[in-house]
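Both of the next two complexes hold chain A, though its partner changes from chain B to chain C.
Then we have the complex of A and B:
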């Protein structure tokens, strides 16, 4: 019996991998089951040191140049077989765009249930999971009764926690168990991986998001928000109106038909705060709204609001934050 | 070629949702039901294949009898026929069982290509299409923002965080649709009239000869709740520079997010 964590990587381990490890550690502690993790990628190398402090016993590392990018055909049988070998009772993955496909496929092959996009996870005589449904308007608390109980965690909702005293118990650094890439036939061929340049933070993983909506007025005005993004190290988001108007690509859209973000700080500029938008940013930490319409619904769902012209406010805010940060 | 599209009838998420007295379900009175928006995009992609490659498009769904209304919309968009899994025992199904039932239904059609939305906007379970593909043992790609058919294979741009993978899959395959894949059409009035006469076949779970263990659920919804909205809703006042100074102070000192 064991808990198995799927470590997400895109060349480097993702923060979501450490979040999943944190959640796994919690379950392992509550149940007394050992905690294991699986890494599938090009090379774990020095990144193994990041996996210290979670109480992970073993990291099963499937390293191969062909495993650098996610492949359904290659990754899914690895986890299916490893879960059986380790008698995994709980499997925790990540609810990223790829992670959801990965988890769904593994769950299907194991013939078990899966709760995707969990925002909270606990153990009470079994795995209990909270997940948003109906565009985040309702939270469902679900008990997973079968085993292995499988969940994928929404990125950015579980703060990474390591235990300082683990090293003292000799459990600090997990044992790395190297595994060969299994012989599978790849049906799907990866023709090209078009990835963002290094250092570009994706919306779903960003700690701070600055978003613009109708009030931006046109594509020529994004530099105003980009200036604030640069000062904050934030990712740039947009409302559906801005995307549907052709001002920015869909990959920037926050909302029900875009991305769901959960940053520590969300700054909505010139966004009215329609239900569709709220669905994408409801789980944010602190919400700031800047809008010239004092009646805009965004002011009902923000922590701090400024009624005013974003073209005046945003540069001033960038300047003010720049001073504090320097 | 034969193309199947998985569509789901869902409450319009613009609705106001109330938790029922049992704390485990939502009040369904007065809810307006629609086709899940990502399924409309899946449907549109299938119809484009009908137009370009003379594909036959079958609309497949699972749900109560009322689901036919949503299926008629899909038929009015351009689908040729429908297959609905309906009848007793559907309420208890989770994604695991739903995928089994849909896979069994799809097996009777042997489609060359299956489209689905990347998720349904009611339960956001985000797994039924992938499960169906795994059960049918066909390759699949999720969250496609571009699709192209070339002979016996398809090429898709599959969205990932900060970019995409361009993938080539041999047929038969299953693809789930991202919003940016296309702009779904509105059915025209003549097509809405025509859709009324298109056939929708119904099958029950027992018709599909599924074993009870295939349909068993290992998930228990213990409670539903409305998310807490404890926002401060503090609208700042004063000159712009004063407001900025206050905001920076709040963000830095109280919220500690700078």
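Then we have the complex of A and C:
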């Protein structure tokens, strides 16, 4: 009996792997079952140190140059066999695009149900999972009754937590168990990945969006906002006025007739925030508004409002955040 | 009978044959349309024919129409002489002289009108070739067409005067007299003195008449034949209504207009009646700001399409057409550019409904193909899920009213007015200020009213005008059900779009209410003394921007002006394009939910006009107009020009709301 965590990697371990480990640790703690993890990739190497502090007993590392990229042919049988070998009662994967396919295939091979895209795990006489449905309007609570109970965890939801004094609790560095790649023929081989628009964060998927409006004054001033985008890793948005004036392409437009975004943080710079703009950003988590006009409607819907000149405030913000981050 | 008269009879018969053959063909083209052209209301019809047609009332709404009226009237009196000439050509010696004083009078009229017609022709040629106003923008072929007609009329009149000089008739004929004196050096020597010249001019005269008969039905002057019938056969319509589309009709193979024969017979008569005067071309805000839409060209496009496909369609109604209605005849950019401001229909001298020709095509695109500007998708989806274009929560619809002591009908249905707040009034932070001001006015005046709160749905105007009849009907039915459930009798609303659809369209869905716009109600409350504004509002002067749906659609021009006068003490400054000539803000017809990516912005054009008056405040009475004007004055670099609803101005004047000089601190604590 054990809990098994699938560690997602793209060359390096993804943050979501550590999030899955955090969730796994919680379940292991509640049930008293040992926690194991499986790494499938080119080489775990020094990254093993990142796996300390979760109380993982063993990390089964399948390392091979053919395993560097996700392959359904290779990955699925590894996990299926390992789950049986370890008598896994709970399996936790990641609900990324690849992870969803991976988990679904494993669940099918094991003949169990799978809850995709969970946002919270808990143990109460069995695995309990929370999952948003109807485009996030409702959170459903699901009791997972299959054995093993299998879920995929939505990335960026569970904060990574490590135990404090690891060595003292015997929950330090996990043992790395090296395994050979099973003898499977790969029907597909990834030869090259052409990544679209490297370095540009997609507006609709960005966690943070910095938007500029009429207050930007002209296309020559975008670097002011770009500076803030860079330190935050944010995507650059714009209001209709900025797009209409020809200062930036329509693909950046946020609003009724542009894109609808819902980032965790939305920073509106020089945008009055009329309802036509709100329609494109009202589902944002935290809204920060910077505007010279204290009566701008954006101040009625923002969480933090700064009345002032964006050309003064935005560089200060960028500088301050830069300092905190470094 | 002489040889001459035999030839004339033969030529006349041939010309009339050509003329009637074409006219009958056109009538048959028109009969390719749907439905029937109804008669009835004959008194109204004849009145229309006399007043709008023969008395040229619609043409004479502007000065340049005087030229047309002179040519038209001149044509009528000259026809009297023309007829006499033609009959005399067949039966030599014939004359209307037996009519006595009438003959004398008609000869007098012909002499004077002939001169006036020549003057009018000169002015019209000067306008077309030299002044070239926007409305006369036309292709070379159209310009040539116009010049040929002018030339023919001119030759006709020259011939008429020549005949009159050589063969004088009884009557007061100063023009012929002076011309005779100048050309002949004295009074005419009588017809016998001109054995060659007189017949030449008589034949020239008759030849022109024959030419007219052959040429007119093939030219832009077809309207000589079609315009008067079009005025006479005008349909009785509710202005502002898009007729209900029967979506339950299981026999229907398509919805909306997918081909020219989907239009009604009256629609097709209208397109055949177009005079190409270009009034609509000039009035259209889309055309004025560089969009490809021209109401005139839409109508002419339909006419050319009908006439081109007509012969084949007469043989087989389902014949393959050379052009498609959408795409070839009406392009997407044309179709979606219309703001439904109705300036075109208002200005048309022969009562063609240009704008209405587009609605059916929009319906077909949306209902049959799901094809419409993609930016509008979000608004339509939001209306479907949350019954408002922005996708705000339906339950939060009455949140704005929380602290204002406003009751919903669910709490108290025994009220005089249902106040339909509308989407903008409920969710748009700026228009919530208008709602708040209006609420305070109603409470101050002791008006008994209630709102629907979360039981209120989008009125359906935008969806209907985008062509999504299905979605519009869904929302209309929801509203009707709720309103009828509460026994609503009177509705007041601060949105002209809701106002228009409740008043003119809801009766088709079982929703019969007395609908009143807030401008009218405020005006009424002031007149009844229930509101006593102090007349000091509006620093720097106020101008009023007419909403299309309030003004042109529903003839409410004075109420908002009365309110402004009561609030400010003086008449509002009028914009150049005002009242029924008002220029649209650009947001009607679902344009609010689309990008304006071609040409310049309509709202900016209007905002410049506002700014040019130098006023401090522009008053509006519509949430769309308000949004567009606010953007406009900012775009034009004059953000200090205030944009206010008439309710806000009157509330300020009464001291019910503070003028927003006191700047609120940013509401950072409001999450």
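The criterion applied here is as follows: the second predicted complex is superposed on the first by the 199 of 326 C-alpha atoms of A that agree within 3 Å, B and C clash if a C-alpha of one lies under 4 Å from a C-alpha of the other, contacts with A are read in each partner's own complex, and residues count from 1 in each chain.
Assume a residue touches a chain if its C-beta (ideal position, glycine included) is under 8 Å from a C-beta of that chain, and two chains touch if they have at least 3 such contacts.
Everything numeric in this text was worked out from a predicted model, so none of it was measured.
By the touch criterion defined above, A:275 lies against chain B and chain C together after alignment on the C-alpha atoms of chain A.
Contact with chain B, but none with chain C, is seen for A:205 once the two complexes are overlaid on the shared chain. When the shared chain is aligned, chain C comes close enough to touch A:241, but chain B does not. By the touch criterion defined above, A:191 lies against chain B but remains apart from chain C after alignment on the C-alpha atoms of chain A. Of the two partner chains placed around the shared chain by superposition, chain B and chain C are both touched by A:256. When the two complexes are overlaid, the chain among chain B and chain C that reaches more residues of chain A is B. By the touch criterion defined above, A:214 reaches chain C but does not reach chain B. Once the two complexes are overlaid on the shared chain, A:301 sits against chain B and chain C alike.
Once the two complexes are laid over each other on the shared chain, residue contacts for A:100 go to chain B alone; chain C is not touched.
Shared contact residues of chain A, touching chain B in one structure and chain C in the other: 250, 256-258, 275-276, 279, 282, 294, 299-307.
Within the complex, the chain A residues that touch chain C are 214, 241, 244-245, 250, 256-258, 260, 273-276, 278-279, 282, 289, 294-295, 297, 299-307. Chain B meets chain A in the complex at residues 11, 13-14, 17, 19, 26, 37-38, 94-96, 99, 121-127, 130-131, 133-135, 139-143, 145, 155, 157, 159-170, 178-180, 217-227, 229, 231-236, 240-241, 243-245, 247-248, 250-252, 255, 257-258. Chain C makes touch with chain A in their complex at residues 375-376, 378-379, 382, 389-392, 424, 427-430, 593-596, 601, 627, 630-631, 634-635, 660, 663-668, 670-671. Here chain A touches chain B in the complex through residues 10, 69-70, 72-73, 76, 95-98, 100-101, 103-105, 107-109, 111-117, 128, 131-146, 149, 187-196, 200-202, 204-205, 208, 232, 249-251, 253, 256-258, 264-265, 275-276, 279, 282, 285-288, 294, 299-308, 312-313, 316-317, 319-321, 324-325, going by the rule given at the top.
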